[in-house]
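In the part that follows, the structures are each spelled out as structure tokens.
You will see chain A twice below: alongside chain B first, and alongside chain C after that.
Presenting the complex of A and B:
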């Protein structure tokens, strides 16, 4: 029965055990070496392969655990900033409303993504939503055009592949310095200067909680479209009732307002996306370390089985050798 | 801010009781969102439509028939919400056309701000901030939204640094060559002279 069990074990570890006749010379089971063709036909069962695997998996587990800690601390730092900036876009939505379905000719989709990877699926979601918006706008009519402004390497990699001609501007390395309003307003200024737009749609992942990120689209309309919507009534109908103080013309104030709205919504969007990125990275690294732990457990079992099988084989050889001598 | 929002929810009888301010509440005007979601589901049926800011905002109360006694002020900066739905008697904002006093029942206005002093009057106390620039929206329902790029309480300002800055920018203006440099120096002078008058006046 033991022989049958051993034969079963032997078949399972066929690649490790070389089928050689039993010889007198063998290495001690305490120091198993790589499977080797010794000059006298030595047979060693190699645990080296499994041990190497275990070492690398353990290292990976340590690295992913460390990355999770780093992401958690970065998240804590940026989360307070994000929550403080949430009040910034609300007055604009209260005044100008939210018109994602406004019918405009020149759409610009500003996709916000991360520069670094290993953060789960948030960048793919943003890119899918941006492509969806592109499709939505093109479906409404032939003269509608949609251009992309890309923030972050990951969206660039995905969008350059099939929408290269639609990309207006690519901005990377946003988070080299800590995010602040001055930087974002300069960025917003660049975008407004270089891109003609009727409506800007900012696509980002809003941070609900450490495990939940909601893809969101914020729409900023150009002053001409705002005037048009105000005249046609509906959502912005009571915009005309607002007195405009200062400036030469109402148009000038609306222009400043649109630019300010864009920079404020961009600031909030960039912060929310950074928070989502860190949160997603935390959960990705957490599941990765858990997987590594599981893999390590399974490898340990395999290692022990191999080791015990080799010990048993040695013993059987000795015993059968001894019984052959006697009998 | 969540705590303030929930306090506000408790005392607002107009709004129905809602649990979390940032949950996907019913939007104030579902029509725009509905058209967007419909159009989206028609063209892209496999993906959920993205959320829009309207679903993350508490709707504002409609214009009451009589003038309310208090003005509700939201004073926000990029880094903080200084005042969030605070009920005050009056605010004086430094609009480009001069200091503008805002009382409850003020006509709906959009005004751009210039560097100057913003003062909030609540009962007998008055808080003063120096505001660099921004916008103020006054709504018909006696809500005032002040969005400033930078605002500091007056006691945090250093007179000497203000004087130094003013001198520096004046010299920059005289030595400026391009229009851009002239504009930047002029802005510096405007802000510093406003700071000066805020501290002295």
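Presenting the complex of A and C:
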């Protein structure tokens, strides 16, 4: 209607006659300035800019909400698998013990991380712990060495920067196909073949609940170290009380056992990390969409104020124009 | 004196309850386990496990792993396991035939080894079905 046409025209004439519209926009620290100063030093706020911003924030909100739901459904699928695999490594710990304090020369730290980002802080915590283990081991003696085996893009990006010479093996794109035991046992085999080790420390995020992920280290000792510890007594001392069946020598059986233990622990660790990744992504996307919602509310208020200000401006122009004509 | 048996695979827990006796086939020989057995750590080959509950025998096909026996607790960790009653006889026989055909066709060391392995697994499954009846 006429008002709308005038409003459109008014945008061109506004700088000529208008008192300063009352807005609180300038005081808000969140936005870059939405106004430009006209030739007479008057503020001219564009609703177009605010509207564009609102559209993009709304899109972000929709996308993050969808990502949260996708992560939730993936989490459900993986969670059952993880719980089923938990029972597998417990007998090993009961038989061979989990000795993080074993004193060994060659440590290998297997860091498990995700390939994709937007999953909160879980990858940084894993990397921090791996670096901490490295430092701990190098601090206790000069002949101790620590090597890395990295699973996942995110840890690779962070560790390649400062520990490039210590990295033995990098494996990415683990989750292209759904995780299963055969794939992980092949992986474990590769690692065992290519890396010399006395103790393998697997660093991953254990999935306690949808909001809590605990970084954990599982230790798998090589058979020679197991023998050594068994002789010195303690938890592993009971190992000798077991009579060994299976035809071959005790050493060979221990070797097989250690390999099996490694692949079972790896399987569990990879599953738990995948669960934690999905859970962390869920909560990150959730807070992101909530922030987007808040931002949208604030922008709507700004938009309304801007709109009312420009209407007031035009009204004033028209009225002053009309009164000038009259008299 | 009850014997508790626990069979675990990477994908799920297959069995977790009491039994009277089991017959396990390890890499060297078959051993029978009653309650109050001496502690043993054994490697298990691809073969069948027979379980007795109160005069009734059950069979399971195991695909290799480890067993730990102590204090009337048997823990068996295997790569895969199937209850004899869960295996479809038709399908198992077919799998056996396919495995035998593959073994004849196999060329090269790796394929032969894989074909052999598949054959043993298929044979175990067929045995598991036959052993019940």
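We take it that the second predicted complex is superposed on the first by the 279 of 327 C-alpha atoms of A that agree within 3 Å, B and C clash if a C-alpha of one lies under 4 Å from a C-alpha of the other, contacts with A are read in each partner's own complex, and residues count from 1 in each chain.
Operating definition for what follows: contacts are C-beta pairs under 8 Å (C-beta built on N, C-alpha and C of every residue); 3 or more make two chains touch, one makes a residue touch a chain.
As the structure is a prediction and not an experimental result, all values here were calculated from the model.
After superposition onto chain A, the modelled positions of chain B and chain C overlap sterically.
Shared-chain residue A:194: touches no atom of chain B or chain C.
Looking at the superposed arrangement, the partner reaching more residues of chain A, out of chain B and chain C, is B.
Of the two partner chains placed by superposition, chain B and chain C are both touched by A:260.
Looking at the shared chain after the overlay, A:56 reaches neither chain B nor chain C.
Of the two partner chains placed by the overlay, only chain B lies in contact with A:208; chain C stays clear of it. In the superposition on chain A, contact of A:48 is made with neither chain B nor chain C.
Of the two partner chains, chain B and chain C are each touched by A:91. Contact with chain B, but none with chain C, is seen for A:139 once the two complexes are overlaid on the shared chain. Applying the stated contact rule after C-alpha superposition, one finds that A:217 touches chain B and leaves chain C untouched.
Only one of the stretches 37-45, 55-63 or 73-81 in chain B has C-alpha atoms clashing with chain C after the fit on chain A, and that stretch is 73-81. Contacts of chain A with chain B, set against its contacts with chain C after fitting on chain A, overlap at residues 81, 84-85, 87-88, 91-92, 94-95, 181, 185, 241-247, 253, 256-257, 260, 264, 267. Of all the residues in chain A, the ones that touch chain C in their complex are 81, 84-85, 87-88, 91-92, 94-95, 180-181, 185, 239, 241-248, 253, 256-257, 260, 264, 267. Taken in their complex, chain A has these residues touching chain B: 81, 83-95, 97-101, 128-129, 132, 135-136, 139-140, 181, 185, 203, 206, 208, 214-219, 235, 238, 241-247, 253, 256-257, 260, 264-265, 267. Those residues of chain C whose C-beta lies close enough to touch chain A in the complex are 6, 8-13, 26-29, 31, 38-43, 65-66, 68, 70, 75, 77, 79. Those residues of chain B lying in contact with chain A across their complex are 1, 22, 27, 29, 31-33, 35-36, 39-40, 42-44, 47, 50-54, 56-57, 60, 74, 76-81, 84, 95-97, 100, 107-112, 134-135, 137, 139-140, 143, 145, 147, 149.
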